[in-house]
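Common to both upcoming complexes is chain A, partnered first by chain B, then by chain C.
What follows is the complex of A and B.
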């Protein structure tokens, strides 16, 4: 059994990419994710990792380089943060439509203006309709683990889709935590080599990314949607195998913390779930039946799993670390999808949302006490007063 | 859970409408007819073989690889199914061998087709 080390989320992502033996890496600097590339550059320079390290001239180029590398049959890796994620926006859809299972590691950062360095999920959340697999880790350990799980899911021939492996900037990317790296034998057992479908080849020439006709657009969209119907099963299989081989205990889609008898629940993704978990413990000592559901995948969205996990709860507080200005609830996006997931239940929970951790601010234990108070009030009044509450104002 | 929630349904794409995986097709594209893209053409380049010097500038300048040099016959061949009528070749031809002709002038003109291809 490998020994635990103290690693940042960025180092953990780089260790994950190294363990996956990525063959082509394309970088472009932007903090906080840039530390991943610094670590990988060192590994390549020191001969620990045999990969082609390409420095792109921007994020659009980064994504284009790894698309080409993947089309040629390489396991390709890239990443970004904040406005870097949005600068590459054009390439996300062709990457998914062309079925290139590239991995992009994101350490979240706020978008501009005003050029804040802090973490906010809006960067990667903005790409959620582009056909990628998308999910958040809540610890450096989970960053390492998700790097391997995402490659395994994305490269499965029933899937063949690119993956965004996200972590909160700074909270995860730059604060060291204990990480147990896998043995290479475990990685080999879990993650088979990448087998491309129809790669670029001199002996069997193929054309990638042709113009299709309008009448081919609808079936192609339907085929991509069809693929997403198959993804959950592949995620379940991969997570079960990962848990068995590496001795972990991940729920494939939703971490459920003390939800069985919970009356109120936090619904959250990413770093602040660690504070939420301790808040649940503290609240329970005070006699409040609190619980937490932590989302591991935003795409595919685990509709039925969330209905099963949260259906019995009386009130759910969605913690949004991203913005959707002018959206149905005028806060973030997670509440829209959660409410939609619970809508068909006969006795559905009350759901409201809390804008927290924006601009990279910490979510404090007191924030969760405040959330619990509003949720308890909603249970007593049998209604939510507002769709959204802005914390820390 | 007491109540069964709705599912996602099934998505059935008719066999004759299935698009190849990732739209990857055998190359070169002019040898297959899956993704023909000339149906928005309103003019096509017409070539005067007397003026053509086989300088291959049309071959180099075409963004869709629609000019091919046929070595046996020593002529340039136009690829009907992929030429979008952009007229770059006509602009670039140094010997004035190419002119633009309206699609309506041709019995097989794409603008005459009810269902293109």
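What follows is the complex of A and C.
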């Protein structure tokens, strides 16, 4: 077993990409994800990684370069943060529609204005309707692990979809934590080489991405929707294999922390779940039956798994680290999908949401105490007073 | 600059029409207009490049009217790119083949990677990706098939639309009698002027097929990025009789509206230079897009062309090439 090292999330992502033996990398600088590319640039320069390191002229180009590389049969890797993620917006749908399983590593950053380096999930969340696999890690270890798991799932021939592996900027990307890197033999057992389907070739000519007629559109869209129905099984298989080979214990979709007998629960993704977890322990000492559900994949959204995990809870507080101005619940995104996931239950929990960690603000233990108080109040009153509350005002 | 040390093809020049390679790589199955210059252009480029070729087709006429699902005219591999990113997608393909050859997955030869971009996909929305490709020293031939407008969307002005042309975004009217008031960008000069990795740039037209094919073959035989600018007249956009597509390209050269040259390692070589240039009106009178122009507008165009062709008689390198071979 390899020894644990102290690594940042960015370094962990780079180590994951190196372990996956990525072949074409396309970079463009923007904080905070840049450190991933700085690490990979060193690995390529030192000859530790046999890859082409292409200096993209922007994020739009980054995505375009890795699209071409993947179409030509290479395992390709890129990444970004904040407005960089949104600058590349045009290319997300051709990537997913073309079924190019590239990986994009994202260290979240707020969108402008005003300029702010802090972490907020709106950058990657803005792409959630583009047909990519999308999920968040909550530690540098999970960043490394998700890099390998996402490639394995995305490149599976039942899937063939691009993946966004997200981590909070700074909280994870720049704070070192213990990471156990896999042995290359473990990686080899877990992640087979990329086997493209119909790549650009001299011996077997293919046309990628021709025009269709409108009547051909719906069947193709339906095919992609069908694919997403098949993804959860592939995620389950990959996670089980990963846990077995690397000795981890991930739930494929939702980390369930002390939920079995919980009356109130935090629903959260990303870095602040670490504070939420310790809040659960503290609240339990005070006699509050609290628990936490942490989302690992936003796409595909684990509808049934969430219903199973949270159905028995009396009140759920969704912690939103992204914005959806003017949305049904007037705050973030996750509450919409969580409420929809629970809707068909006969006896469903009360669900409200809390805007937290916006602008990259820390979520403090007191924030979770406050949330717990409001959830307990909702349980007593048998209703939620608000769809959303803003923390840190 | 890192040397390109992968086995790639040396394509010999085609000496005469009789020796033009037989196999067609751009075959029936497209839906272009009668008399389409860019379709003819594609056919000649594909024929010259041969089977070991991968085309990148940014959005434009040659995407929308060519590549239909289940009915593709490409006998070699082809991939659609967005109108924005032909250069970037090509860069990724080239990088992937380098790794594939290093790892022994692809035995070679290194493919002829060709971007076939329209004028918008080259010097307007596609400029950034094209320039980055040229800067980064990828072994890719970037071709601008220039039909001087956004034709597929209904003939809107592009940066290469000539002064005085009527387009659907530059309609002549009482306030703006010329229609288009700006003078066009010069794509090959943009490349030559600022991309030290580039050693070969050429211009040609669809009316000069042997010249076109040989320049393509020469470009593909270089170890780095190359650029070609090809005049591909558009009957629908320029409003001329569709029988006259080649005639339009020939007249463009005879009037000085278009210059034929190669630029190799900093040195210009002009060909097809008329002994005496015809007045630009001889070219413009066939095209409905110029029909509204008054004599003073045509004089303005003539002055622009007169200035431009001075360079042909006194070729001056605009950028010093990086010394030494790659």
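The definition used in the following text is that the second predicted complex is superposed on the first by the 393 of 393 C-alpha atoms of A that agree within 3 Å, B and C clash if a C-alpha of one lies under 4 Å from a C-alpha of the other, contacts with A are read in each partner's own complex, and residues count from 1 in each chain.
As a working rule, contacts are C-beta pairs under 8 Å (C-beta built on N, C-alpha and C of every residue); 3 or more make two chains touch, one makes a residue touch a chain.
Here the structure is a predicted model, which is why all the values come from computation and not from measurement.
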{"item": "Combined model on chain A where chain B meets chain C, clash or fit", "value": "clash"}
{"item": "Touched partner set for A:209, first chain B, second chain C, both or neither", "value": "both"}
{"item": "First, second, both or neither for A:26, with chain B first and chain C second", "value": "second"}
{"item": "Partner chain(s) touched by A:56 [first = chain B, second = chain C, both, neither]", "value": "second"}
{"item": "First (chain B), second (chain C), both or neither touched by A:219", "value": "first"}
{"item": "Which of chain B and chain C A:371 touches, first, second, both or neither", "value": "neither"}
{"item": "Partner chain in contact with A:318 - chain B first, chain C second, else both or neither", "value": "neither"}
{"item": "Against chain B, colliding segment of chain C, chosen among 165-173, 237-245, 273-281 or 291-299", "value": "237-245"}
{"item": "Common ground on chain A, meaning residues reached by chain C in one complex and by chain B in the other", "value": "205-213, 216"}
{"item": "Interface residues, chain C side, partner chain A - complex", "value": "51-54, 56, 63-64, 67-70, 72, 74-82, 84-85, 88-100, 102-103, 105, 111, 128-129, 131-132, 136"}
{"item": "Residues of chain B touching chain A in the complex", "value": "1-3, 5-6, 8, 10-11, 13-14, 17-19, 21-29, 34-37, 39, 116"}
{"item": "Chain A residues touching chain B - in the complex, by the definition given at the top", "value": "97-100, 160, 197-198, 204-213, 215-216, 218-220, 222-223, 225-226, 229, 303-304, 307-308, 311, 344-346"}
{"item": "Of all residues in chain A, those that touch chain C in their complex", "value": "23-24, 26, 50-52, 54-58, 60-61, 64-74, 76, 90-91, 94, 200-202, 205-213, 216"}
